[in-house]
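Below, each structure is written out as structure tokens.
In the two complexes that follow, chain A is the common piece, with chain B as its partner first and chain C second.
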Partner chain A sequence: MRPAQFTMCRARTVAEAFEAMAVDDAKVIAGGQSLVPMLNFRLARPSTLVDITGLSSLRGVQREGRGVRVGGLTTHAAIEDGAIGGAAGVLLSRMAASLAYRPIRNRGTVGGSLSHADNRAEWPLGMSAVGAQARLISASGSRAVNVADLQLGPFAADVRADELLESLWLPDRHDRVYGYSKISAKVGEFAEAMAVADLGRDAGDQFTCWIGAPASRVISLELPMPRCTADSGWLQEAARNIQAETDPLPAYELNLAAVAAGRAALDALARAGERPEELDREGERRDV
Partner chain B sequence: MEGVVRPTNVGARVPRLEDARHLSGRGRYTSDIPSPPGTLEVAFVRSHLPHARVLDVEVTSIPAGCRILLASDLERVVNPIRSGSTNPNLLVTEQPCLAGETVRFVGEPVAMVLAPDRATAEDAVDSIRLRLEALPVVASAAAALADDAPILHGGWSSNVALQSDREAGPFQEQVAKATTAVRRQFSMARVQPFPMEGRALLAIPGSDAGQLTLYASSQRPHLLRSFICAQVPGLDESALRLIAPDVGGGFGPKGNLYPEDLAVVGASLLTGHPIRWTEDRWEHLVASYQAREHSYDVTAYVDDDARVLALEVDVVVDGGAYSTLPSTMAIDASMALSVLPGPYRIEGYKARGRSVATNKAALSPFRGVGRPNACFAMERIMDEIAYELGLSPLEVRRRNMITPDEMPYRTVTGLIYDSGDYAEALEIAAQAIEELASERMAPEPGVLRGVGYGCYVEQTAHGADEWYRRNMNYIYGHEVARATMNPDGTVTLYVASHSHGQGHQTSFAQIAADRLGLDHDQVEIRYGDTHESPFGMGTFASRSLVMAGGAVHTAAGLLADRLREIAASWMECRPSDVELRNGKAETADTAVALSEIAFAAHLDPGRLPEGAEPGLDFTGYYRPAVGTGAFSYATHAAHVEVDTCTGHVRILDLVVAEDCGTVVNPLIVDGQIQGGAAQGIGQALFEEAGYDAAGQPTAAALTDYLLPGAAEVPSVDIHHLNHPSPHTYNGAKGAGEGGTIASPVAIANAVRDALGSGAPVDDLPLRAQSLWECLQANARLRAVDR
Partner chain C sequence: MYERSLRINGEPRQTNFQDRTSLAHAIREQGLTGTKVGCEQGVCGSCNVLINGDVARSCLTLAASCADRDDIITIEGIDGRLVDLVRDAMHQEHGLQCGFCTPGMVIAIWDLVGRGAAKDETSVREALASNLCRCTGYSGLVRAALRVAAELEAPSVVHSDSTDAAPEHQEGPTT
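Take a look at the complex of A and B:
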């Protein structure tokens, strides 16, 4: 389990990085939490590894317009610790806390995870749900892509070999309440199913549900509000609606997606300070 | 000095002395031993096919400084492993350390590359192409037993290495008396024992010709030395120094010989270079010894009072490609058939056991050795008897348990239970789990809860009788310790029982300190180096506290006797008037420091009594008065909840009520139970070293092999009973393996309790998807009923 030989380039500037990335079979490395195992198994055999962790322009979190710009090198741990504010920041912090283990979170980066595009991972889902936009840069310029459109499928992102995910821009959404649910075989594993619920601005009996795993790419759909975690009628209805939006899924996986969706919704409701019965009675949600 | 209670000695709950080293990163494992100049590192070329003829090892170009060794090279210095027993019916496998003609599992080593560093060695492996001609694959025990199965080993007439049939007690009469027969099938998945440290070797040629030092991550350095020397003509045990430094867990597999051990020794002999090999996780997952793949067909013959009159069982063990040395692939079935009746009074017994060869990594003993499987089958069937007869699982157990007044009790399989109150453990566990369950808030909607039990009796610290009974070529009848008092009065004990998590440095010191009137931290325990300690067996079979502890007790006792004799000669009293206390030899009115006696014994012999031997160095041996074992037992109780929406199982509470006799250090015993339970939870819910129908391993990386983590393992509620063994020096019984024996079945029975009849809990690990599908089907049935 030692990598095949490669040339290591520790880029000090973005230009240096682009130059190194121009070599055939070059591969960008940031936190390395997915790439290094692949290197060790010799599943990835890049000729050159371009280490971008020294690029200061890819670091940091700051206000920009009516939102916040998050550097691609921001670690999962930084997000867990509250680097991003607002309702989105709370959601993303909770998602980060469920992502693998702290030693992995200390190194892994949000840009790396999105570029790696594992459909079972947290950030394709989380960043889609909060409306994040990725800025991709290359020697020939830059472009912006909604994270919801960035992931093409499992391990396939709309990031060209000559591009770096420089940063994300997250719009302010102070009026939102998010809920989250991750179902995994054990703590720290990739998700079997994962969902984010967005109660929207004026939640009624519907919510917007974003689903990651087991879908091959993030999907979103409107679902009615469930009454409890084990509402079998609701689960079956939700499963049908989810299936309509994604590749055919086995019954159990589809069920897990529906369960995650329902739990994310109830989580959001609890965070909004309301119980399902109250919602049912009042028919509306108090703003927080 | 018996009976002197010191705050830190026998019975005291003191932290382990070795923890400071391990917790601060100062442990020294084989991979921490510096490489001498000229060291070459090994990367093995391993088979990618489960069964094939080796046509050629094609080498186009390899990096400079690399050397390749093939089977034909190693054959010149190392003999193939032929593991057998004194049972002539056991078929023997022949495993060369590198496969030259046939490979029989994915991961089997075919060639080895030696290079200045591991990465270069792996580059060379990359450039080597194995030309293999695929042979028909035997990917399961069922396939191995099929009439037209390809036969894996030359000279065998089937794939069954050993079949044993036995009928014991008045089986037919008992069956005739029964009114109900309950029959079920059970299985456990193959798992990885998974020590944190994988295998590691460093062979260093000595400065004199023919000498070799081998560092190895081993549970039993002396025996490994014997195993290796028996395979390497001309390598004498006196010339091989085997050092097992800190070892990061063993659990059984590290007590057996591996082909890689021989390959590394052979490479060093052939090249004259120091040779290092450190197993990586992929190698560990595909080529280290695996465990526990058994299937059972059990019938319990029961009367109207729910008494189990007779048992009939057919056990098949998937032994993998080769018999490990010295355990052989027959050890699991032999153990399972022997222990199946557990704590119950069962008089009729009919059993068949078959150990079969398949194209998988070899099976080896793993903590519990067949007992977790047998216990799973027995304790599941006890629950099914209860459900069939409309009784509670507790009640059925109560009615069948052997009582204390029946001790010693000879089981239908010939074990002689020595002590204990099995029902007491059951009642304590039942009460504890009910209390814990009652303290919890009501479950969320959609969550079902259940409680389950598992009971076992475990033969531990068996002496020679048991190993002869198992037809072993090596009989582990005793253990040894050497006690030395140094000239300054400090004490060093050399033992052959290695410690890799068992806390021997602490518990043995507690035992010796009591004998010598010292505190436990004044006694140094050394192990792991065949040049330091006398020949002994090592650590396995829940034997160290009894066997090596007994040897420590004996050796320290001999030393104490001599100290008292010398002191008595100075004080002009009888040795029996002298008490060793607080570093002194004392009588009622006078005292002398042990350091003064020690100095005289070594360096001032004129002060010794007339005719007394100089020196203070005593070797003590221990073998229990009875060689049939000291029998620990326990009831494990699990309280679980099943998420009906996902089928996921969460363990809420786990209780262990156990009796390991006299407890030397309760903190260490608790740790052993907690760790064993974690492995039981893994077996019950997560772990599976699977193979697909083509014989390819399905868990070749940790992403596919789930181990329970801190979040999945509750803190075990532990209750100690104390019925000392009449056969051991201090009443102790072994405690190392018990935690892993009954926890899997307690969890499965708890899930059965939660879900009701039809719950798919007869095959471990439990599968969330199967549980969910069962719940869905039940829900549909209820809907139809309405």
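Take a look at the complex of A and C:
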């Protein structure tokens, strides 16, 4: 359908955005790749849309301290194309490549995605796994929230109605070895199960497993390294451990989560020899 | 509803639309009906256009967001050697039947080959998950994409296909 009527406000400054957001029933639109389908189905009927794509202070990727600051308006395509360097950047690039389709990635933004907080999407998982911290700004100031704490539940993020997710800060993870696995019914669809494996500096007996879908919010747990993905004993034990960390899930979904966890761990192991290029010169900036 | 300017295929077009009007509908209301409206949720790909050079879903873009700012190119306006190769390959490899998905597919293949993402059959099939085709079963589309990628890699000087012959040189009955 066509959306229900609303008024569009294209904010030219952050202050203008905050003013427009103060209107009752206003909704921020960035890339619109999650919001516009909801408008088209009339699942969302805001009175006012505040288009923030003109806010240049929310763009760009640059070195900051011992890490990288990524603007909230950074698109999934920019991350796919390698805007973020280092081991974290390689992981995030691979996750971006599995996110929907390229036309959607050209418009969708990391800030918008995290604010939307779909638990079956890539960024709540990926940005939690790399230890990202979100900077939320409002007319009354700013606050920092670890992305791992940002998602409260499906489609519920700790982003208030008067706040914008201005940027993320990603700490350097020079020596980390990451693996990734996504299980979905079709290429590009939301995940049935999705996992990131963090082997730390080197492969050992255990690894840190981050799970997004099917859990209602991102969880992390320590698991033993699997020998192979067909190890049913390992899968059953992993499924039990995952269930201990999440709300009750059907056995089929827990099994999928365990399979994704196992594949992610073995994927990490296969990559243990790689050393990706860093964005590590002070002041170096990529405009994306 | 008020008059705003949308830059489409290199020309500014003064047009009336509501804040809620999608770019797809605004484009079609300009008589540029190559861009299709299919699913209105971004999964079918029939609405593909280029916004500032990047492929995007016009059904998920609000015309009001693009007014007085963005450069939009539709299937009617995309030109250049690469798209000529895509159109030729789609023809040679029978990459279309009803034609509904074709504008979106041409843009999708143009983008994927242009970005160097058409490495092999698997990568092409995965990338073309972005566009739904109910007629062809994708084989011709995949062949077309790989054909264009191969042509870019090692351009052939002479086309040897007989279907390239100009009409006046064909023998036998014409239909």
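Points worth noting:
Basically, the second predicted complex is superposed on the first by the 270 of 288 C-alpha atoms of A that agree within 3 Å, B and C clash if a C-alpha of one lies under 4 Å from a C-alpha of the other, contacts with A are read in each partner's own complex, and residues count from 1 in each chain.
FYI, a residue touches a chain if its C-beta (ideal position, glycine included) is under 8 Å from a C-beta of that chain, and two chains touch if they have at least 3 such contacts.
The model shown is predicted, which means the values in this text are computed figures rather than measured ones.
Judged by the touch definition given at the top, the superposed model places A:V90 against neither chain B nor chain C. In the superposed model, A:Y252 makes contact with chain B only, not with chain C. Residue contacts after overlaying the shared chain place A:I104 against chain C, while chain B stays out of touching range.
In the superposed model, A:F41 makes contact with both chain B and chain C.
Greater residue coverage of chain A by touch, when chain B is weighed against chain C, goes to C.
By the touch criterion defined above, A:V145 reaches neither chain B nor chain C.
Touch criterion met: A:T7 reaches chain C, while chain B stays clear of it. In the superposed pair of complexes, A:L235 makes contact with chain B only, with no contact to chain C.
In the superposition on chain A, A:Q33 contacts chain C only, with no contact to chain B.
Shared-chain residue A:G188: touches chain B and chain C both. Taken together, the two complexes place residues 1-5, 37, 41, 186-188 of chain A in contact with chain B and also with chain C. Residues 18-22, 25, 40-42, 45, 48, 51, 54-57, 59-62, 64-65, 69, 108, 111-112, 115, 126-127, 129-130 of chain C are the ones touching chain A in the complex. Remark: chain A residues 1-5, 37, 41-42, 183, 185-190, 228-230, 232, 235, 252, 255-256, 259 touch chain B in the complex. Only residues 1-8, 10, 29, 32-33, 36-37, 39-41, 49, 51, 53-54, 77, 100-104, 106-107, 186-188 of chain A touch chain C when the two sit together in their complex.
Looking at the complex, you find that chain B touches chain A at residues 118-119, 122-123, 126, 280-282, 444-447, 644-648, 686, 701, 703, 706, 708-709, 711-712, 768-769, 772-773, 779.
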